[in-house]
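Chain IDs A, B, C and D follow the sequence of writing; residue 1 opens each chain.
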Amino acid sequence: MLGGGADALHHTARLLIACPDRSGIVAAVTGFLYNHGANITTLHEYSTDPTGGRFFMRVEFTMPDLDLSGAAIKDAFGRVLAERYQMQWHLSFARHHKRTVILASKQDHALLELLWRHKQGELHADIRAVISNHTDCEAAVREMGIAFHHVPSKRGDKATAEARILELLGDDTELVVLARYMQILSEDFVRRYPSRIINIHHSFLPAFVGARPYHQAHDRGVKLIGATAHYVTAELDAGPIIEQDVTRVSHKHGATDLVRLGRSIEREVLARAVTWHLEDRVLVHGNKTVVFN
Amino acid sequence: MLGGGADALHHTARLLIACPDRSGIVAAVTGFLYNHGANITTLHEYSTDPTGGRFFMRVEFTMPDLDLSGAAIKDAFGRVLAERYQMQWHLSFARHHKRTVILASKQDHALLELLWRHKQGELHADIRAVISNHTDCEAAVREMGIAFHHVPSKRGDKATAEARILELLGDDTELVVLARYMQILSEDFVRRYPSRIINIHHSFLPAFVGARPYHQAHDRGVKLIGATAHYVTAELDAGPIIEQDVTRVSHKHGATDLVRLGRSIEREVLARAVTWHLEDRVLVHGNKTVVFN
Amino acid sequence: MLGGGADALHHTARLLIACPDRSGIVAAVTGFLYNHGANITTLHEYSTDPTGGRFFMRVEFTMPDLDLSGAAIKDAFGRVLAERYQMQWHLSFARHHKRTVILASKQDHALLELLWRHKQGELHADIRAVISNHTDCEAAVREMGIAFHHVPSKRGDKATAEARILELLGDDTELVVLARYMQILSEDFVRRYPSRIINIHHSFLPAFVGARPYHQAHDRGVKLIGATAHYVTAELDAGPIIEQDVTRVSHKHGATDLVRLGRSIEREVLARAVTWHLEDRVLVHGNKTVVFN
Amino acid sequence: MLGGGADALHHTARLLIACPDRSGIVAAVTGFLYNHGANITTLHEYSTDPTGGRFFMRVEFTMPDLDLSGAAIKDAFGRVLAERYQMQWHLSFARHHKRTVILASKQDHALLELLWRHKQGELHADIRAVISNHTDCEAAVREMGIAFHHVPSKRGDKATAEARILELLGDDTELVVLARYMQILSEDFVRRYPSRIINIHHSFLPAFVGARPYHQAHDRGVKLIGATAHYVTAELDAGPIIEQDVTRVSHKHGATDLVRLGRSIEREVLARAVTWHLEDRVLVHGNKTVVFN
């Protein structure tokens, strides 16, 4: 069963692994967990190629005394298994909600969707703040009890704004979500958060990269419009895709209609991608993602 | 009700109109038809802009004595209305099935889908022949009672093959369908059939133009793959889009899986586009389509 | 183009017609409008059967001096056309936003979706109030500047609550939306608002009528769950369906997951149905709807 | 990567397990396989409830010398693990194509879809025969090189026809597919093939059980129509659902249009369900399915 109660989450941990594929990894990992008293509740694995490919795995498990034994397991796993199999790995605890900051601009639909789902308990994030280069959504954000910071963008002086944003992010922000944030982040900024900045682009990438994608879509006369949630990399709208979806349009819809219809898709796609990231379901492999859900 | 029996089709005509938008067109056209004894069964209209835009209209109507009066109506419409409103227009009769030739290559899925729907009575086409640069689908085509011509493609000598194809098309072919035909037609060829060549491209255009789109899609790591039916123009994969659809894929699917999953979408999208064209539901406006369905 | 600016709406009217089908109706109606100086911007029609069936029509038109001439047109249309063709008809003005009251219970997702779209300018309603038998959503409603009334439901005394709700609705409420309102309205209540109460049911009707449809769906092991917006009639969950949609689920999803995933579909389906009703796009025919969009 | 070449399939086996959930099952099974020289290529698991629920697992693995060691593994697994964990289990070899018989009636779309996919290499079945109570599809079946048997249905004498069908199925038929077979099989017949008869029902079950579901759907005025592939049980249209899908319809579509539009969905849904069954991806749990794909 997905979800589960607060109590279950308290005892739940997730182990993410990526390593060269070879025989015996699953047996080694599950044996290790069993020997440490863990009960596996979900296991996903994927290999790009059983002979010489790369292997990915996500194990969710419960332990009655995770508080005490979590650190011990982490230590033992690193010593015993990770080295032998050349693993990149990450152990996280479901009770830890990732420290998250949302960047937005004038439009509030993607932002409010996240905040609303957070309030519903659907989004296991510790939302520290919303930062915007406009003040349009300030009242709505504050009303939900979340800190709001206005960091204006000055044309020709991106550096000042980014410095201020970095200051607000501090040292411990784990996830940055661009909820229709209309500024392009510098390469330097992006490199500080590898696979930890999620953007929603309002087109079915790789179609319609860049500005005004709905207008581009309208000009091309497509019969479906889409939205794409992806990790941000130095190249614009070219990072690993986490999720996409589309909705049907027709000749009757002007560019303004596409903007309106697209909002529903953007909200849904971004919310799914952020949810999966927060639940440690997304692994990056080159410029692609492995999504275990 | 869409469809309707063979008898109904016998008395059914369709009037397609495109003209500068101005007040009174619908009243003038429907009044004209009423005065000539026609009974309108379906009416679609669309204006790009009520003030100064372009107006499109499709009227389907029945007349008990269409055999006799069809020509008279055509003549009267041209004299009375078309000139006054600067109309491009076309009157067609539902009982006339457009003379259609299908071009294919090795793969048979898109071709067989059309032939199968034709046999079911879903596709109101007079399929004159299938032409292929391979012989793989010859037996299946002949078994369905349809003429098959093998016109091999020689590298570096496109002209000979095209000349042979044009010869087979003759003077009266009304629709050419490229059912995964893997040769690029020359500009000269394409210009002979404006808005009368339908191609199925195996991607969600404008993403992944050109060769091996499923492999391009796999490399990019998209989460949905698609297919696009469009009219062929001189520029590759850039003509007016008639229909598109998508299906969900994941990291688990290799390029070969995308090819397999994509076949279902290609078949469906091409069949829809051809059906709509045959029922005079598609009007071209610049590089876009107006689809009345 | 759908939508259009505020100015365009000011001069826009919509004529809805239902009558026995016969020859000449479209010509008569469009001729009438043309002669009164109206410019038709959209026309939809549908006939259940051209011979002896019922004919439905929606015409959207603009007039520069609609303020002055609207009443005159209404009067003339009634005298000249409506009687001749035995029409049920309705003329409405786009600038008039229907007086709407939303009923909700504990859950706020469907309610907030409507309020949020209203704030975005997507929903052309005059939302007079939200009434709930709980106070959970009171703060959120008031924060958006909309009146909130708490009308508790007492087991065994539905009459008192309904009387209070009717009092709040007053004489001029044009649309009642049940945004996951968990009380069953009495037949008497329902009869006062024929085709003017829209409910969202959290299943793909007619599957899973009644209580706890997600649990019913989970028990049956369906692979898609859905939501249905319909007009409320005396028979539970059996009124004319306006819109439906579905989302994919699997064995992995427990009933709680279906509830969570279903919320997105419920929000979208209800918002679409209410939008179409407000734009006079929905006509009721027996226990079905004709939706012109 | 799904699929894979013929050579890979030769060395591939699949282990299906269902048992009471408890700690250590995954470790035990994967350890067992590793110790026997197997390389796991895909692993799916699911538990209805980690404490006291039922656990399901599918492991696909390769072994270089599966020919020799397959039987040994089977034996050892039964002795060592199956008993300890009270497992229902099944080991199958990918190179073994299940002996399959398809039953059809007049309509050929679902049948031809399966045969076409089989020819494409998409369906790993050993199709032994097609049996029909009509002869409409005889020529098409024979042309594809598959045996055809005509077993007419006589009203009031179901027993004779069923006896003949059982005779044709013989002792070793592993899968029976009802590709729009319009006869209801007796309880006795159904009991002989538990979870081994797949039917395609032309509605979104549980809506519109029984006869003429498209007409039922049209009468109810639904906005989506669907199809459902399910295992056949003694109760009509009530067996475990394997797959479902839907397509959008509107008031414009008569019952005949629904029949036509529904064919595409029926074909796709049945083909998916049969593919998954043939790849041992479907486990039955009570009246539901667990589909590992």
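Quick note on the criterion: a residue touches a chain if its C-beta (ideal position, glycine included) is under 8 Å from a C-beta of that chain, and two chains touch if they have at least 3 such contacts.
As the structure is a prediction and not an experimental result, all values here were calculated from the model.
Each chain gets a centre from the mean of its Cα atoms; the one farthest from the centre of chain C is D. For the pairs A-B and B-D, the larger set of C-beta contacts lies at A-B.
Chain centres here are Cα averages; for chain A and chain B they lie 42 Å apart. Chain D has its Cα centroid 37 Å from the Cα centroid of chain B. Residue positions of chain B with contacts to 2 or more other chains are 1, 252. Touching chain A in their complex are the following residues of chain B: 46, 204-208, 220-224, 226, 240-246, 250-252, 285, 287-291. Contacts from chain A toward chain D in the complex involve residues 1, 23-24, 26-28, 30-31, 33-34, 38-43, 45, 47-50, 62. Taken in their complex, chain D has these residues touching chain B: 1-3, 109, 112, 116, 120, 122, 143, 252-254, 256-257, 260, 263-264, 268.
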